[in-house]
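See the structures that follow.
Presented sequentially are two complexes of subunit A, the first with subunit B as partner and the second with subunit C.
Now for the complex of A and B:
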C-alpha cells in the first residue's frame, strides 16, 4: 500500500488538487481561469509530444485544436437538434477523434520530412486552414464564429453543465485523464523511441525504426490530445471562432511550452498555468501585455533555454544534497536589483504604451504603479531609466556571487561523489 | 548448403562523376569473421554505408542470407538481421547508457511502435538490456548520459547499441579507431565476445586487430577488392604489400 502510494503519490496529489481547487477559489472568474488552465495544459502537453519528446518544431499545432473544437461545437449542435442521447462529458471524445483524424491525414504529408522542412510544412498547412476559415463560413461561422448551448444536451445524473463549477469538473476529469495518458505514453516503447528519434534520427533507423513512422504516430497522437483540448474549449466557451485555428493560437502554445520547459514532462504544465494566469490578469492591468509575453519568451530563449522546469530541475541535486543554503543568499542578493531593473523597464514600457496609444485621447497624465505621473514631462522617464539602469548595474556587479556559489555547490557535489 | 551471410554482386557507387566503389563482388559466409582493409579513401566506409542502406547504390545487388536487400531502407535491413556501428560515434547523447541499449533491443523483441504498454515492465527488454550492458562492461555507468562518457566508453556503447538487437550479421566500422593500446585490447576482447556465433564484418586500420580477429581479409583499393584471403596469405600477397602494407611499412 505504502509502495503504491509512493509510486502514485504525485497523481493522487494532482487529482486531489484538481478536486479541491474550486473549494478554495470559488469565484466565477477563477473557475473560468482554472478551466482554461486545464485546457491549455492538455494542449501544451500535446504540443510537447512533438517539440520536447520527438524534436519536431510545429508552427501549426492550433490547427488540430481549432478544427477539433469546431467539430465538437457542430457535434454539440447536432446532438441538441436531433435530441441524441449523448451527454456533454462525451463530447471531448468527438474532439479527440477529430484531432486524431486530422493528425493522421495532415501528418501523412508533413512528417515525411523532419527539421526545418517539417516546420515549414506545418506553417503552410496552418496558413491553408486559416485561409479556408475565412472562406468556409458555414463551418467556421465567419467573424461571429459558431455557438452552441452546452446545457441543452442529453442529461445524465441531472447535470445541466450550466454552472461553471460543473464545467470545471468536467474539464478537470478530462485534463487528469489526458495528462496521465500522455505521461504514460512517454514510458512506452514508442515513447522511448520518440526520444531516440529526437536525439539521433539516423541511429534510430539503424536499430530498426522508421523515423518517419515514429514522427507520424507522434503527430497523430499529438493531434488527438490537441483535439480533446479543442473540444474542452468548445464546451467551456460555447463558441469557436477562426482565431482558434490561427497562427496566433499556434504561437501561444509554442510560447507556453517553451517558457515552461520542453525538456521535462512538467514543463508545459507549468507554462500553461503561468501563461494563462498572466494572460488573464495582465490583460486586465495593461494594454501592453502581449509585449511582455514576447519579452519573456526572448529572455527564456536567451538565458534559460531549459525553461522554468529546466531551471527548477537544475536545482534538484542541490536540494537533494541539502545545499540550498549555499545558493539562497546570493540568489536573493541579485534578485532584488534584478526586480528593480525589471520594474524600471516595465515603467518605461507602460509610459511608452500610454504615450503612443492613449495620450492622444486621454492626455499625458495617468497612474503608473499607483502614482500619478505625466508622460509628457521628462521626469518619470528619467526616474524609470535610472531605476532600470541602477538595478541592472548592481545585479551585474553582484552576479559573481552567484557564479561563485555554484562553484562551491559543484565542488561539494563532486566531493561527495554525486557528480 | 546454407546461403552466404552477405553477398555483394558487382557493387558500384559514384558521387556525381567520381566513382568511389568500382565493382565490388564478395561473399561472406555465415559465422565468418571478415575484415576489410585498405588505404585511406579506398571506400571502406562507403561500402559499409551501401550495405547497411545508408546511401543508395548506383548499381549492383546485395543479398543478406539469400534475400535481396538492394535499395532497402536502413531500418528494413536492420529488421532482417544486419546491424552496424559507425566510425564516428553515433549514439543517443542525452539518453542514459541504459536507454541507449534499450532502444537497440525494442524492435527485435517485437515491441515495434507500441504506445500502450509500459516499457519498464517488459521483462525480456530489461533482461536483454542488462545482459548487453554487462557484456560491454558498463554496469557501473548505466545511468550516465551517453554524452558524458569517455571516448572509449562511447565506442563500447556504440558496439552495445549495434549488438543489442541480436542481429546475426554485425558490421563494425573502425571500432578501435583513436583508442590507446590497452583500450584497443579490451575492445578486441569485447568484439570477440559479442561476435560469438555471428557473422562479423569489420573495417579496421589497426593491423594487429585485423590479423588477430579475422578469418578472412579483403583488401579494398580505389573502390575495388584486389584480394580476399586468409590473414597469412594476405600478408604474403605481393599486390597487397605493394598497394597497402608496403605503404604502411614505408611510412
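Now for the complex of A and C:
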C-alpha cells in the first residue's frame, strides 16, 4: 500500500490539486485562468514531445492545435445543428483525432528530415496554413472567427457547461488524462527510442530502428495531444480565429516550453503555468509585458539553457545530500542585488513605455511601483539607472561566492562518492 | 498583356533584388556560423525605422548612409556579446536566441514608433514619374531602388571574388573548419560577417521603407520569405540565393497579377465543382489571393524533393 502510494503519490496529489483549486480560487477570472493553464499545459507538453523528447525543433506546432480547434468548433456546431446525442466532454476526442490526422499527414512530409531542415519544413507548413487561413473564409471564419455555443450540446447528468466551473472540471479531467498519458509514453520503450533518436540518431539506426519512423510516430502523437488542447480551447473560448494557427501561437508555445525547461517532464508544466499567469496578470499591470516575455526568453537561452526545471533539478543532488546550507547564503547575497538590478531595468522599461506610448495622451506623470513619478523629468531615470547599475555591479562582484560554494558542494559530493 | 508582363517583370526583378540584399547576408551567416538568423528580417525593419528617424531630422540622404551603418554596428554587437555566448550551447540554442531577439526587436520598435505604420516618405528629389508606358506610370524611386540593389550586388560580388577577405569568406562557406585550422581569427570573421549581413539588411530596409510600408510587422511578414529564398536557393550558395530571390520575386509579382480561380479553370473544362461546402472557398480563390502561399509551397516541395536546394551542394 505504502509502496503504491509512494509510486503514485505525485499523481494522486496532482489530481487532488486539480480538484481542490476551484474551491480555493473561486472567482471567475481565476477559473478562466486555471482553465487556460490546463490547456496550455497539454499544449506545451505535446510540444515537448518533439523538442525535449525527440529533439525536433518545430516552429509550427500551433497548426495542430489550431486546426484541431477549428474542427472541434465545427463539430460542436454540427452536433448542435443535427441534434446528435454527443455530449460536450467527448468533443476533445474529435480534436485529438483531428490533430492526429494532421500530424500523420504533415508528419509524413516533415519528419523525413531532422535538425534544421525539419525546423524549416515546420516553418513552411505553418506559414502555409496561416496564409491559407486568411483565404479559406468558410472554414476559418475570416477576421471574426467561428463561434459555437457549448451549452446547446446534448446534456448528460444535467451538465449544461454554462458556468465556468463546470468547464474548468471538464478541462481538468482532460488535462489530467493527457498529462498522465504523455508521462506514460516517456516511460515506454518507444519513449526511450525517442530519446535515443534525439541523442544519437546514427546509433539509433545501427540498433535497428528507423529514426524517421520514430520521429513520425512522435510527431503524430504530439499532434494528437495538441489537438486535444485545441479542442479544449475551442470549448473554453467558444470561438476560434485565425490567430490560433498563426506563427505567433507557435512561438508562444515554444517560448513557454523552453522557459519551463525542455530537459525535464515537469518543465513545460512549469512554463505553461508561469507564462499563463504572467500573461494574464502582467497584461493588466503593464503594456510592455510582451517585451518582458521576450527578454525573459533571451535570458533563459543565454544563461539557463536548461530552463526553470533544469535549474531546479541541478539542485536535486545537493538537497538529497543535505548540503543546501552551503548554497543558501551565497545565493541570497547574490539574489538581493540581482533583484535590485532587475527592478531598475523594469523601471526603465516602464518609464520608456509610458513616455513613448502613453505620455502623448496622459502626460508624463504616472505611478511607478506605486510611487508617483514624472517621466519628463530626469530624476526617475537617473534613480532607475543607478539602481540597475549598482545592482549589476554588486551582483557581479559577489558572483565568485556562488562559484566557490558550488565548488565546495562538488568536492563534498565527490568525497561522499555520490558523483 | 504586354503591359502586365513588362511591369510585373520590372517589379518582380526589383523585389527579387531586394530579397537578395537580405538573403545574401543570411546565407553568408548561415554558411559560416551554422546559424539560421531569425532576426535577420528584424535588422531590415530596424534599417527602415532608423532611416525614417534620421530622415525626420536631417533628411533622407544622410539616413541612407548612417542607418545601415548603425544597423551593422547593432548586428556586430549582438554577435559579439550575445550570440557568441550562446554558441557553446549548440545550434538550436542559437536559433532560439535569434528567435527571441526578433520577438524583442519587434516589441521595442512598437514601443518607440507605435503599432501603426509610420509616414516614411520618398525623398522629394526622387518623387517624380520616371516613365509612362501603356498609360501606366512608373515611379523614379523604384528605379533608384533597383539601381542601389544592383550596385550593392556588384560591390558584394567584387568584395567576395577580388579581395582577401572575400577569399576567406568564400573558403568558410565550403570549408569552415579548414579556415579555422589555417589560423584565421574565425570569431572575428564571424562578427564582421554578421555585422556586414545586418548592414545589408539595414540598407534594404532604408530603401524599401518608403516604397513599401514601414510598420512593426514588416519583419514578421518578410522573415519567412527570406528563409524560403535561402533554402530554395541552397544553403551556403550565394548564386543559388540570387536565382531563388529573382524566382520568388517574379513568382509573387506575377501571381498577384493573375485573377484566375480553380472554378474558372474547371468551368473552362466543362466541370462545375460543388460550392457552398466548408472548403468551397478552395475553388473560388484566385491565384492572386493564394500568392502569399506559393513560396511556402515551393519551400516544402524543395525540402522534400531536393533538400540541397536549387544550386546548393550542402545538405541541410
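Everything that follows uses one rule, which is that the second predicted complex is superposed on the first by the 419 of 419 C-alpha atoms of A that agree within 3 Å, B and C clash if a C-alpha of one lies under 4 Å from a C-alpha of the other, contacts with A are read in each partner's own complex, and residues count from 1 in each chain.
Basically, a residue touches a chain if its C-beta (ideal position, glycine included) is under 8 Å from a C-beta of that chain, and two chains touch if they have at least 3 such contacts.
Owing to the predicted nature of the structure, the values given are computational and were not obtained by experimental measurement.
After superposition on subunit A, the partners subunit B and subunit C are seen to fit next to each other with no clash.
Angle at the C-alpha centre of subunit A formed with the centres of subunit B and subunit C, after superposition on chain A: 80°, rounded to the nearest 10. With both structures placed on the common chain, the touch criterion links A:196 to subunit B but leaves subunit C unconnected. When the two structures are aligned on the shared chain, A:317 is found in touch with neither subunit B nor subunit C.
Using the contact criterion defined above for the overlaid structures, shared-chain residue A:210 touches subunit B, although it does not reach subunit C.
Look at A:87: by the touch rule set out above, it reaches neither subunit B nor subunit C. Of the two partner chains placed around the shared chain by superposition, subunit C is the only one that A:116 touches, whereas subunit B remains out of contact. When both complexes are overlaid on chain A, the residue A:138 reaches subunit C alone and has no touch with subunit B. Once you line the two complexes up on chain A, you'll see the smallest CA to CA distance from subunit B to subunit C is 13 Å.
Of the residues of subunit A, not a single one touches subunit B in one of the two structures and subunit C in the other. Residues 57, 74, 109, 112-113, 115-117, 119-121, 123-125, 127-128, 131-132, 134-139, 247, 251, 254-255, 258, 288, 290-291, 293-295, 297-298, 301-302, 305, 352-353, 356-357 of subunit A are the ones touching subunit C in the complex. By the touch criterion stated above, subunit C contacts subunit A in their complex at residues 36, 82, 85-86, 89, 91-93, 95-97, 99-101, 103-104, 107-108, 111-112, 114, 220, 224, 227-228, 231, 277-282, 285, 289-290, 292-293, 296-297, 299-300, 303-304, 307, 315-316. Subunit B meets subunit A in the complex at residues 52, 54, 73-75, 78-79, 83-84, 86, 90-95, 99, 102-104, 106-108, 111-120, 122, 125, 161-162, 164-165. On the subunit A side of its complex with subunit B, the touching residues are 184-185, 187-193, 195-196, 199-200, 202-210, 213-214, 217, 221.
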